[in-house]
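Would you mind keeping the following structure in view while I ask a few things?
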Amino acid sequence: MSENGSNHTVTFLIQCPDQKGLVASISNFFYEREFNILSCQQYTDLLTGHYYMRLQLVLSDLTTTRRQLEEEFGEFGNRINLRWSVHYSDKTQRVALMVSKTSHCLYDILLRWKEDELDCEVPVIISNHPDLESVADQFRVPFHCLPIKNGDKSTQEQAVRELLNKNHIDLVVLARYMQVLSSGFIEEYKGRVINIHHAFLPAFQGGSPYERAYERGVKMIGATAHYATEDLDEGPIIEQDVERVNHELEPKRLKQIGRDIERVVLSRAVKAHLESRIIISGKRTIVFSQGI
Amino acid sequence: MSENGSNHTVTFLIQCPDQKGLVASISNFFYEREFNILSCQQYTDLLTGHYYMRLQLVLSDLTTTRRQLEEEFGEFGNRINLRWSVHYSDKTQRVALMVSKTSHCLYDILLRWKEDELDCEVPVIISNHPDLESVADQFRVPFHCLPIKNGDKSTQEQAVRELLNKNHIDLVVLARYMQVLSSGFIEEYKGRVINIHHAFLPAFQGGSPYERAYERGVKMIGATAHYATEDLDEGPIIEQDVERVNHELEPKRLKQIGRDIERVVLSRAVKAHLESRIIISGKRTIVFSQGI
Amino acid sequence: MSENGSNHTVTFLIQCPDQKGLVASISNFFYEREFNILSCQQYTDLLTGHYYMRLQLVLSDLTTTRRQLEEEFGEFGNRINLRWSVHYSDKTQRVALMVSKTSHCLYDILLRWKEDELDCEVPVIISNHPDLESVADQFRVPFHCLPIKNGDKSTQEQAVRELLNKNHIDLVVLARYMQVLSSGFIEEYKGRVINIHHAFLPAFQGGSPYERAYERGVKMIGATAHYATEDLDEGPIIEQDVERVNHELEPKRLKQIGRDIERVVLSRAVKAHLESRIIISGKRTIVFSQGI
Amino acid sequence: MSENGSNHTVTFLIQCPDQKGLVASISNFFYEREFNILSCQQYTDLLTGHYYMRLQLVLSDLTTTRRQLEEEFGEFGNRINLRWSVHYSDKTQRVALMVSKTSHCLYDILLRWKEDELDCEVPVIISNHPDLESVADQFRVPFHCLPIKNGDKSTQEQAVRELLNKNHIDLVVLARYMQVLSSGFIEEYKGRVINIHHAFLPAFQGGSPYERAYERGVKMIGATAHYATEDLDEGPIIEQDVERVNHELEPKRLKQIGRDIERVVLSRAVKAHLESRIIISGKRTIVFSQGI
């Protein structure tokens, strides 16, 4: 990486109805502005006739202000009916981690963050319980304990939102946060709240999935990372994984194995989001591969 | 392998409430009768206090009639409350394959059977459609087309049962047979009907699982082999597997990938059953590993 | 698919040194000729500065002869230093299967071919042994037994090459063909011979991999499909997979499990080749995902 | 768990030439002493005629001293040619972690230890570099930096051995310790040093496996945990795993993915050792499943 940040990138995420000449007209837009295209990933959903693109440019090629680029692309996009967003890699995203009592997902994200696998800032950890303060301390991240008092969830949630706003949070990661968020919260942070569900959805929605997996005698258990939506456990799936198990493993062991899956699945989902590799499309996600 | 078939085995599948001295008393029973124990696999479910054992003996060590062995073991078992079954490897099991129109599972089982991976006889293939007759012909297995006429399912099922009885069938494999069996049928062949479900149960129970997996945007698809029970798709699971997929794959491609999983999962389940490695315990199965 | 074949595609596989404006200039080339771009997959190897593209067009958009398109693209490509090939989906590829004595890979490819998973013709099966003639007969494919007589391999290979030429073969699949091909053969069919190696290369190169895997006590076994090159077992890898095993499994069982992996791995590699999804780059392959 | 520790277990690991009546005579030995057999796992290697057993007893059933039990079992074992070891779960094993500069394996083991997944004490972390002291501090484990000065490896190793002895270490875990141990060290700690190798052995023995995996274009990368022996990278394999990769992933990304595999593989191996589930047999290991 050079001193003047010449390795930084601009990423456009684009979706629109499929039409002739899309690649040519979009790549021309950037070619005329002398951008080098680092990568261009596309996907056409032939069932719905919908088109998706992820375009990575070299930020140092930019010869105008960012605002001007966005306005020009906005006008261009309006003519061909694009929905789009743009992400600059030199604008590090600010991530809030929300937890309750279990530490494995929290630890995993903090470690990857520290090892530079996750390109973000973590200005705040929020919990409804005091248990994980020492973990936050280990990594020198401010820890806020916001318990729900007398069952008054809305007051607590209001405090959470103020904290998120004050910290200019771009992404909320529910790293085993055991509270349901209100629809107002979900709406405000639409597409910016990632949750880890401790089951291979849509199997075992709801609570105690490992106990139920044991009773049902399934031969594999899994975990699912998804964007939070109002319908609990129904949000667009970002990543899933499973592990083979057998009859010998009690629910306690299944939970231990499940923890390993949860860790990895949540971290992969957060990484994909931070690298602007995800487009949400209805109940599905388009997750572009992690080439560059 | 010696000429007189001395490689044949006797396998006992045993379950009972856990109690002191089980291994010693059972192994003594066979030691006193001069049996060599080839393998002895056990599992204790500590949650329910239930004990399971699979015991393999050398058949040529048998110094009495089989009936005498079974009577003596029956008396012994009654005293310590055992439920058990016994299987002799020189008594090849007779398997009926039931199919409808898709050939991949049928082919897979026939190929493995031909390559000696599945130790069984296949005296009959039954279908409610004529489509797969040529496959049966390729492998020289009699093919019976028993269509459902005028919606009269019970008459057709009666014909199926007669055919099974006449052929002394030990195991019925529903290799993508697209008809629900009556509770009477299920009861008669309890623990002896294996079905392949084209989804990772309990996700996507019911029809069109690949279309639904696509709509839901899951990142893995799977298949499940289970014993048939009255509650459709709720029988004890024998084997499952999954494959990673992504947004690019249309339902048609998911089906192709799914076919590969179904093939392998069904064949593994049938193999485990034929090798007497499965004990059914309520809604779960104990599947002993395929050591010997 | 419409009657006039309007679903057919043209696929360009392109590689060149990375340079500014590639996407724009290539997509413009086709936009000017009124092609609809069905999909455009790219990959830039930042370590070597090399660029790879797979571009799928709608064949019915073609307004000139194929020769004219190729000449124009050739001129265009020369100016920017492209290496490329073009594939028309209405020109079905002709595949020769070469086998020895084991049937599992042969069966798998024939079944997928019959089930329309593999879009190709199979005009000939060649073997150095007579064993698998009946399999060829089942699928009504001409079977040629070309044994090696008196150790004279070159005479036999000459007969093989004549048969391939006479049948206008595009791709040779070594479906467990247990003979080494001469460097002359390899040169003539460069990038058009796919082999299945029964180990997870580069582990266990050479013979008896399952015996050696057992002795070494590995916990997973695998298989590798690769393009054949002069250096045996060193050709560019197309596809690999593995399965978990344990100490209980004897070499014979490992072989059975290995057969399942070999089947799937070889078929996936052949499918990727037939769908023009592979670019060979030195010792590596770029395998584009199977979106469309 | 009751107050008087009645959940503690005694585990015997046994191997011997296969012979008639082994299960009966061994289980009788313990039945006569009024032991309850919690689990009894066996494996007979039919190729070598060797027999392996893992037997778990309830510790509170013990009516004699441990020494007396061991003497009696020793006499019994001598008569039938047993090699055996015994492990008491109330005698927590003492584990030394040896590291160099990379933290991911160290963190993983410390986290699992803290979360009670690994039943052990960790009295000491030893490194030849100072880098990871802060990690040790986070978990309040004494950290000893023993650098190699002027290339004098034997002096440094002597200091390591003194530290291990002083701390009564039962198991040494090389959690990415980048120094070769002397044959004297290996001999002293035979079967008690676990190493993680950052490749799917026997592929990519030696250094820079991720770079070589990239150059070779393999489609999966892996890691291997094994007991350290004099022949580097040739020790008995305990656990392996792999992950699917593709051409897009540069060596740097492969390393990140590799770290996740290394973590899990090393921890599983350490867990199996701590739970007395491993018998070493020449170049292989028998790893009994993690039932109880």
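Letters A, B, C and D name the chains as they come in the text, with residue numbers starting at 1 for each one.
In the analysis below, a contact is a pair of C-beta atoms (placed from the backbone, for glycine too) under 8 Å apart; a residue touches a chain by one contact, two chains touch by 3 or more.
As the structure is a computational prediction, the values presented were derived from the model and not from experiment.
**Q** What angle of turn lays chain A on top of chain B when you fit their CA atoms, given in steps of 5 degrees?
**A** Angle of the fitting rotation, chain A to chain B: 180 degrees.
**Q** Of all the other chains, whose mean CA position lies farthest from chain B?
**A** Here the answer is chain A, farthest from chain B.
**Q** For chain C and chain D, what's the span in angstrom between their mean Cα positions?
**A** 42
**Q** Round to the nearest whole Å and give the separation of the Cα centres of chain A and chain D.
**A** 37
**Q** Multi-chain contacts in chain C: which residues touch at least two other chains?
**A** 43, 46, 246, 248, 289, 291-292
**Q** Contact residues on chain C for chain B in the complex?
**A** 103-104, 107, 111, 115, 117, 138, 246, 248-249, 253, 256, 259-260, 264, 289-292
**Q** Enumerate the contact residues on chain B facing chain D in the complex.
**A** 20-25, 27-28, 30-31, 34, 36-44, 46, 244, 289, 291-292
**Q** Would you tell me which residues of chain C are touching chain D in their complex?
**A** 43, 45-47, 200-204, 215-220, 222, 236-242, 246-248, 250-251, 283-287
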